[in-house]
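For reference, the structures are reproduced in the following blocks.
Shared between the two complexes below is chain A, which pairs with chain B and chain C, respectively.
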Partner chain A sequence: MISQRPFVAGPFAHDVRTTPMVMTWVMIALAPATVFGLGLFGWPAVYLFAVTVASAVLFEAVCLAIAGKPLRATLADGSAVLSGWILALSLPPWAPWWIGVVGSFLAIVIAKQVFGGLGQNPFNPAMVARVALLVSFPLEMTRTVAPRPIFRSDAPGVIDSLAVTFGFGGHIDMDAVSSASLLGHAKTELARGVPLSQALSHAGSLADQLFGIVPGSLGETSALLLLAGGILLLALRIITWHTPAALLFGVLAPATAMHLIDPERYLSPLTHALAASTLFGAFFIATDLVTSPVTRAGQLIYGTGCGVLIYVIRTWGGYPEGMAFAILLMNAASPLIDRWVRPRIYGRDRKGRPLAVKPKEGR
Partner chain B sequence: MMKPSRAFAILTDGLWTSNVTLAQMLALCPLMAVTGSATNGLGMGLATTVCLVATNVVISLVRGLITPQVRIPAFILVIAGIVTVADLAINAWGHELYKVLGLFIPLIVTNCVILGRAEAFASRNGPAASALDGLGMGLGFTFALTLIGCIREILGSGTLFANASLMLGPAFAGLETVVIPEYKGFLLMILPPGGFLVLAFVLVAKRQIDGLLARRRGVAAATARS
Partner chain C sequence: MRLFRIKGGVHPDERKGATRDKTVVAAPLSARLYLPLQQHIGAPARPVVKAGDRVKKGQLIAEAAGPVSAALHASTSGTVEAIGPCPVPHASGLKGAAITLVPDGRDEWAEPMPPLPCDAAPEAIAKRVAEAGIVGLGGATFPSAVKLNLRERHALDTLVMNGAECEPFLTCDDRLMRERTDEVISGVALMARALGVARTLVAIEANKPEAAAAMEEAAAAHPGIAVARVPTRYPMGSEKHLVHTLTGRETPARALTADIGVVVHNIATAYAVHQAVKLGRPLVSRILTVSGGAVAEPKNLEVPLGTPIADLIACCGGLTAEPQELLSGGPMMGQPLRSTDIPTVKGMNGILALTPADTRRGPAHACLRCGTCVAACPCGLVPLEIAANIRNGNFDTAVEAGLMDCIGCGSCAFACPSRIPLVQSFHFAKGHIAAQQRAQQRNEEAKRLVQQKGERQEKLAAERRAMMERKKAAAAKARRAATEGAAE
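And then the complex of A and B:
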């Protein structure tokens, strides 16, 4: 009789870390920056965040039901919550509710479940959604607001905020509260021919940028808290240093060179590092296990590619921010990188040829 | 004369079973390019249908004169001649439609469906059957283009058959509807990625329907046997 046991050949290494555990740790690492962002932008941001995460879970449940997969076990892995969470953090905090719902549909249904669910998606779901939203709804997706911390008197209350997110219950003039993000402001001023030293004279101080008290996406403003979360993930060895370090290098090297050539036309490397989504992308998005290369060397190539593309798109492209585009482009390249840079198989050299066998002594 | 059952088989083959877009996955280039609105899809589909019927009939008539070795250049010559006539005719009498479809009308020459039907059907069958095949395939293509155009237009701009009277004549004015008033527009659906996405979901729907029909037929056959 033929053995029914699966074909096995060792050695195996067992990792006690399960998918839900990894997802939970990433959420814990994201929590400080998230709570800060929600507090900074007030109730509309809380509503948007809740709507986005809830709809992501709902769409995941619907897809699983259609595909006939185990509902509770797959939902409990937390990947849908995390996708919705990351998407929400990359949205403008006062965006209307349907941006969150359409974004979750694009992320979960189009970018993830259609390909077969977690682990099968070639592109980062949250970034697919962000790019699709940005291309489709440029007005809503670029309307950032000045920070209005939840405890301050000029922040909209619980009821007034309903008007911002859901369009009923009160009235708020969006044009009066909107305020351009640093990169967006620099881009429009440069296009008008205003030198940077003049354009940025009213921008927030370096400390404001560091703590994140600036206009921007919901969870991308606080450089320090994102950095802390990233260091937590590094310390837990959920991510390795290769992708984030290479990405930061890819942004900072051209930024430094161009800034030295002409400081009036090119933003300083420090601004690039602190502004918008650089740290968020480096630690939380580019490091996505599913869509980035497997090997360390591959991750270095991938990270550098992301970084350089981010700088190129920010500086010479049509959009002020290029994180999502850069990551999608490098996602597309990562199967190629994986073919090119392969890990060495035990007993073979890097090109896959068997190693020379040493003859045994005494024969 | 053809038996009615054979005529029916030829027509359903073109309209559904071997539908140009939904089963053969041919002619995707004009599909992605012109189905941003239902009107454009309908116009393109009808133009292709006319060309397809005409080329099928002509090639079926001359099929005895063409030796197998030179058949492909000969087919292309016939197709190019007929498409040029259609191109000039649309430019003369349907100028608004021509301005939108523009480049894609002459490109019907290279549409794989036309040469495909010439090679696979018209060169082996009589003129009447070939005309029917051209009609079935053309209308099947029109159906797919219009369906995808409708979905993309509703999702993308919230209207249906916008500008139909301008392009296809005043008789089509009744088709123009605003499905979602004060819609902000979902630009991605009008752009080529939207074409791929909608086509994919339409293909899923066709397979689901085919599976359902096959199951029902299986049940019917089982009950007939018992």
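And then the complex of A and C:
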């Protein structure tokens, strides 16, 4: 028996985990919060989600075809579905269909494929789309609605919902159903000079915030389910604790300090932790492998940076929600962090010089 | 005893179950044995027999050619058929020089070398190890005698015996330690004596409790020898990392463990040392594991050196399927074999016929920068960055990022979820850089020669000029003398 095919170097053993598997697990981890969000905001949310994910896959396929890359094999890695999915979760649930399509275009074509596809993008595609949409279409992107669970009588039906998402087939008065998210409400009230104790007097209960029965983005409301997904990813070691823990620390440390100084002007750390996108960002956005640093130490710096920026933007910035901006800013810093923070090479000092030969040491 | 943590490493499936309870059995004698002259690091051995010579088992057939080389002995009695090119285990698939031996079936030993006493001088032990043709049997195949003489140049205090056997599938060291414990410990003691060290640590991964228990019992009689159960984590058997785990000492980059007072030998080498020193027998056989999903009956075999791999596979019931990969050594660092005609050599600790289920090979995906390789690297490198630089042709940047500090253990490529052939890329870059350096050296050498030639020619021309001047002067003088003479 003589083998003629070219040799490949070892190892001739591999870990079970593959990239498509990683993507699949992230989707599984996202599923509970997604299903909850779809149920909470009804058929318009379902339509928006479907349109966003489908257009993301379509744009990916078009780009791959133009670039002459293998279509099926690359689509099978699941990254386009995941990008569209994450983008959909960060949109207002009753946004019109074109928000989803434009968002997917921005995420897949502008933020990802232009740079060379999966693994080459410097910025998180879903967050690029979210920020670009927010800046370009502030009205559509900030019009959150009060929860209308799919099974409740005041929820729009299958047909009426078409009006919400696609603008035909029925009529819904958007102004009547709008409801600001907690952070948005607090920000407007503070701007009017209303102290927090008064502004939040009729906000949802703690349990509602915990479970996510509050106005907000499609998939960002349920702190509990997002936490469960995050814990699943941690348990499977698809992500490590470094980035999420650092991000939460970055948000909660200044939040606690400022809240202690002036509880009437600064929201409590608990509100920050449960509000909207904190956990979503901590477990699913900041941990995006492509755009975060590769070393554990780097991830701690990155996560903390994300957290602090989230807090700063939420508290003193122009937008009630700062997660997407914070992540993008830290994405930009990622290559720098990777350059500065690197592991020490075995047998060398931090500067890369060989260690001095000193026998009889260490014991 | 206190162990020290090392960074990185992976946990490949052990897959040792197929052979860990299989007693070592002797492989049958093949119709022909092929003994390559290069079975070690260093210069190829120089044949001392010729075609047609009758040899006995253990007789010297090729001598060490230089200080870093190893002798070769007939692995059975028979006739030398030829000395010439034969298939050898080399990644190129090219043939190499080998001595072909046709066994006579009597397996008759030559007169053994006289056994050395227990209080033999260190130099005598090292000399005997050299005479016996012993090389590092863990796969490194560095001539062992050279390493036993390290005491001459380094202040040594510890001998580490590597019984970690961290490669999946392989169980030959495990079986050796369990079945021939006393001989192994005797060899260990001899090596410690040769090195002049007071302390010997036998490192065994925690997944081999029987071997560790047996070795502990046998080592009890030797106060200087201690058995350490090290964590089961690849690459625990890497020399520098094993020393670090056991002693807490970190070998500086580009230095040897001997520079920090430690020498590492493989446990199978100790057995060979015992055979050579106590019984006077040179290295003519070795124990190896034949395993993998495509092998019908995986076994541990004691094999005469030179036995074709095809015969070993046949002895294990043959192959149940076309293997995806045929390897010498373990799946992490083993070398692929071109053909089953290749003979067993000293450094072969396993023959693996792997199925797709064993290798889990799959299509490569894009790098996600997930950092799994960074966490897996035991050398503190950022493999994805080095690979990206290599891909873009930035070899200098790759070297700056630590390419040359890579030990090639394969932990990164094992762990990579995108199945990126990182090790392949590093090998390629190292080869490319070596070729560049050779080309540069050639250029410099050519430049030097040209310059020398110029200088030489100039010198000649100068000499010629000087001679002409002298001649001219002499002629003028003669003319002057002639005219003066005529004038008188």
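Everything that follows uses one rule, which is that the second predicted complex is superposed on the first by the 341 of 363 C-alpha atoms of A that agree within 3 Å, B and C clash if a C-alpha of one lies under 4 Å from a C-alpha of the other, contacts with A are read in each partner's own complex, and residues count from 1 in each chain.
Convention: a residue touches a chain if its C-beta (ideal position, glycine included) is under 8 Å from a C-beta of that chain, and two chains touch if they have at least 3 such contacts.
Since this is a predicted model, take the numbers as computed values, not measurements.
Q: With both complexes superposed on chain A, which partner does A:V135 reach: first (chain B), second (chain C), both or neither?
A: first
Q: Which one hits more chain A residues, chain B or chain C?
A: Of chain B and chain C, more residues of chain A lie in contact with C.
Q: Thinking of the overlay built on chain A, is A:I110 touched by chain B (first), by chain C (second), by both, or by neither?
A: In the superposition, A:I110 contacts chain B only.
Q: Regarding the shared-chain residue A:G167, is it in contact with chain B (first), chain C (second), both, or neither?
A: It touches nothing on chain B or chain C.
Q: After the superposition on A, what does A:L289 contact: first (chain B), second (chain C), both or neither?
A: second
Q: Counting only touches as set out at the top, which of chain B and chain C does A:P195 meet: first, second, both, neither?
A: A:P195: touches no partner chain.
Q: Using the superposition on chain A as set up above, list the residues of chain A that contact both chain B and chain C.
A: none
Q: Show which residues of chain B lie in contact with chain A when the two form their complex.
A: Per the touch definition, chain B meets chain A at residues 184-189, 191, 193, 197, 200.
Q: If you look only at chain C, which of its residues touch chain A in the complex?
A: The contact residues of chain C facing chain A are 4, 7, 10, 12-13, 91, 154-155, 157, 168, 240-241, 247-255, 259-261, 310, 325-327, 331-341, 352, 354, 358-363, 365-371, 374-375, 377-382, 384-385, 400, 402, 405, 410, 413-419, 421, 423-424, 427.
Q: Applying the document's contact rule, which stretches of chain A touch chain C when the two form their complex?
A: 1-3, 7-22, 73, 77, 117-120, 289-296, 299, 338, 342-348, 352, 354-363
Q: State the interface residues of chain A toward chain B in the complex, per the touch definition above.
A: Contact set of chain A toward chain B: 102, 110, 114, 132, 135-137.
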